[in-house]
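Structures follow.
The two complexes that follow have chain A in common; it is paired with chain B in the first and with chain C in the second.
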Partner chain A sequence: MELNEQQAGGVTVLQVKGRIDSTTAPMLGERLTAMLGAAKARVVVDFSQLDYISSAGFRILLLAAKRADQTTSKLVLCGVSGKVRQLFDLGGFLDLFTIAPTREEGIAAAG
Partner chain B sequence: MRKPRGVIYGVDERPPAAVIALSALQHVGVMAIFLIYPVLIGREAGGGPDIIGNLVSISLIVLAVGTVLQALPRGPVGSGFLCQPVPTAIYLVPSLLAARTGGLPLVFGMTIFAGLVEMALSRALRALRPLFPPEVAGLVVALIGVATGVVAIRIALGVGAQNAADSSDMIAAAVTLATMVALNVWTGGALRLSCVLIGMIAGYATAAALGSLGAAGWQTLSATPWFAVPRLNELGWNFDAALIVPFAVAAVAAILKTVGNVTTSQKLNDADWVRPDMTSISRGVLADGLATTLAGAAGTSGVNSASGNVGLANATGVLSRHVAYGVAAILLVLAIFPKLGVVFFVMPGSVAGTSLLFAGAFIFVNGLEIMTSRLLDARKTFVIGFAFMGGLAVDLLPHAFDGAPGWLKPLLGSSLVLGPVSALLLNAVFRLGIRNVQKLMVDPAQPDGAAIEQFMETHGASWGARREVIDRATFNLTQSIETIVESCDPQGPLEIEATFDEFNLDLRVSYVGPPIELPERRPSNEEIMESEDGQRKLAGFMLRRHADRVAATHRAGRSTILFHFDH
Partner chain C sequence: MSQTETTIRNRREEISRVVDAVDRFAAEHRLSVDDVGDLQVALDEILTNIVDYGYTDDSDHEIRIRLQVIGNVLEATIVDDGFAFNPLESQAPDVRAPLHERRVGGLGIHFVKNLMTEITYDRVDGRNLLVLRKNLTT
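Moving on, here comes the complex of A and B:
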């Protein structure tokens, strides 16, 4: 898994590339915890280059959403498509997160 | 069967009489283009206008009977679809050979033989099913689309004809095509339903206004009688063993084309289509063979299911089999009132060719869709790529095979013979060495998710499995291994076995250790967040939901999970 962080008008965009499984999920968890640690943080996680996400990855996302609530931050996911979207649907996660179709729309939704 | 978007009347629906009449007229307009083949064969045999006129009338009767036979929804004969026959280029090459060597009686006798070959092989299609996987059926459909397009452009531009198309013809062609496309894309209802007929009328009117209808057409019209009783089998039949091979090869190509056309018809009528239904295909090939046998018996050349008409039905969204009965009625009327039919037969090439080109576009794209509905590995790439290019070579380089030995000529004369037969042979060769059971051992100390994905991807492509099923199976395999490694402390390697046939994909994951939980209820978000146990329950829930069936056993310390996926 590769994580790339960028700033876009006060919004932090984290692009996740590759696979989120039980080996890589803790690394993503640590990064998201740090990003959402400050009050009123605005974070977009771009999944457009994600190949696979397991239950370990979904757990990390739930914990990140909870953290965002605690710090009144905003967490938006984008680029959730194809087989990854199917997994979000399968696990009942599509309605639990704010999901934007594109990175630009994600930044707009977070900002 | 769920009706796809864009279909106005599905195969089982009965449209209003006016829609049936309009649709049937359009179909007859497209079918009439192919009546040139019996005319060419009659000329080759030295037949005069009377003989050739009768050949056309007999063809019309055979097409009427064949159209109804193909549409029959019950009984042993007929695919049940609007998939009518037309005189075909597939039988043209061997029929011209027969006409030259033994006259029309030999054409008729050998046509009966070819029809019987089709009928006999139709019964064996189910057993031969591995030889006709969807990608081969799709290739045949795509080649039919290309061949239709090539014939269409040839007719529209008068390539090889005495008079090549001039600017008036090109304007008429452009008006015809633009009218059809514009009505199809930007209108709905009655205008879209009749886009081909309106395009033909617009093209005819343009050709008449620009003076490009030609005197020959008017002369033919005035010389044709209003009423004539077709004379069945007036010349008798003959048989020549030397022509068995070319007619048998043509019969196999005709079968493949019918397989492609019926497959397309199935797909057009069913939004949830996943694979060819061999029962309907087998009945369709039997109807096609019966129509060709009847053609020979009644005294005309061979027929084959019409891709142009399948494309037309696709374009207009009217797929109802009731249209077939309307088509048959019009064909019978034209057979006994020849003057009415002349309006179709003397249709300017610019109008006839562009009508065919319009239908060809739909056929070609349908073929691509069928081919790419499956994962394609190197073997299948070669099957499709080589066969497609071989077929194209015949159309693009007609003299490319002039130096080939005589016995090979029947195979090399038409893209619709060389392409499908090459695909058939290449597919049979490349099936060698493909095992339907594949095994993988996974070391729990170093589970490599990417390698596990590659295992499914590689074998899914060699099996020609559907992408969606392989994606689901890949997730289940990866997620189950991850869960087992994380929570079951497996002793020794995990044994993976993947078994595939066209209808089923089964994954078996076996290891020494306690079983994983596969709950039917999704754990709550709190449970998932609270502990890794909640995360494991989520994994089990997703594994259960993603497969069509799951089973887990635990015996003598060894656990086995079975995931079944319908294919």
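Moving on, here comes the complex of A and C:
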């Protein structure tokens, strides 16, 4: 798994490449916790380069969404397609997170 | 028919060795990215379950993973000497609960059941013997 962080206006975009599984999920968790630690943070997580995500990854995303609520931050996901979308669907997560079709729309939704 | 076998200890950090073994096996057999992804997710769920909940002692235990392609079927066999656990009997999680009531317990097995074509479980000589089968799409 590779994490790349970019700033776009007041929004931080985190691109996740590769795989989110039990080995890599803790690293993603640490990064998201840090990003969503400040009040009113604006975060977009881009999954367009993600191969798959296991339940260990969804555990992290649930924690991140709850943390975003606590810090009145905004967490938006984008690039959820193919295999990754299938896993979101199986887990019933498509309605649970704010998901934008593209990075640009994600940034607009988070800003 | 060709196969490969990997043995890991019951430690979280060992699971990445199985990920690598699956990648190598997939490359040798030219498996599609989606088929490999499904197996990687399923194995991650099964192995984390065994490592996290299979044992209460502090001893090292061996978990054996055998991969093979038989005709059009990708098969993974996982053998461990942890507590008896039949994933086929585990309850499906509530995938409709709102955010603050959402739990991920049971989600992993739910994924395994949906991503694999067939799952068989046996308890033999104090060991769990789990076979995951996936019909290859290409």
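The rule we apply is simple: the second predicted complex is superposed on the first by the 111 of 111 C-alpha atoms of A that agree within 3 Å, B and C clash if a C-alpha of one lies under 4 Å from a C-alpha of the other, contacts with A are read in each partner's own complex, and residues count from 1 in each chain.
As a convention for this text, a residue touches a chain if its C-beta (ideal position, glycine included) is under 8 Å from a C-beta of that chain, and two chains touch if they have at least 3 such contacts.
The model shown is predicted, which means the values in this text are computed figures rather than measured ones.
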item: Superposed partners chain B and chain C on chain A - clash or fit; value: clash
item: Partner chain(s) touched by A:Leu90 [first = chain B, second = chain C, both, neither]; value: both
item: Which superposed partner A:Arg59 touches (first chain B, second chain C, both, neither); value: both
item: Touching partner for A:Ser22 - first (chain B), second (chain C), both, neither; value: both
item: First (chain B), second (chain C), both or neither touched by A:Asp69; value: second
item: Footprint overlap on chain A, where chain B in one structure and chain C in the other make contact; value: 19, 21-22, 51-52, 54-56, 58-59, 62, 66, 83, 87, 90-92, 96
item: Contacting residues of chain A [partner chain B, same complex]; value: 19, 21-22, 51-52, 54-56, 58-59, 62-63, 66, 83, 86-87, 90-92, 96
item: Chain C residues within the chain A interface of the complex; value: 12-13, 15-16, 19, 33-34, 37-38, 40-41, 44-45, 47-48, 95-96, 98-100, 102, 104, 107-108, 110-111, 114-115
item: Residues of chain B defined as touching chain A within the complex; value: 449-450, 453, 471-472, 475, 478-479, 482-483, 485-486, 522, 525, 528-529, 532, 534-536, 538-539, 541-542, 545-546
item: Contact footprint of chain C on chain A as seen in their complex; value: 19, 21-23, 51-56, 58-59, 62, 65-66, 69, 82-83, 87, 90-93, 96
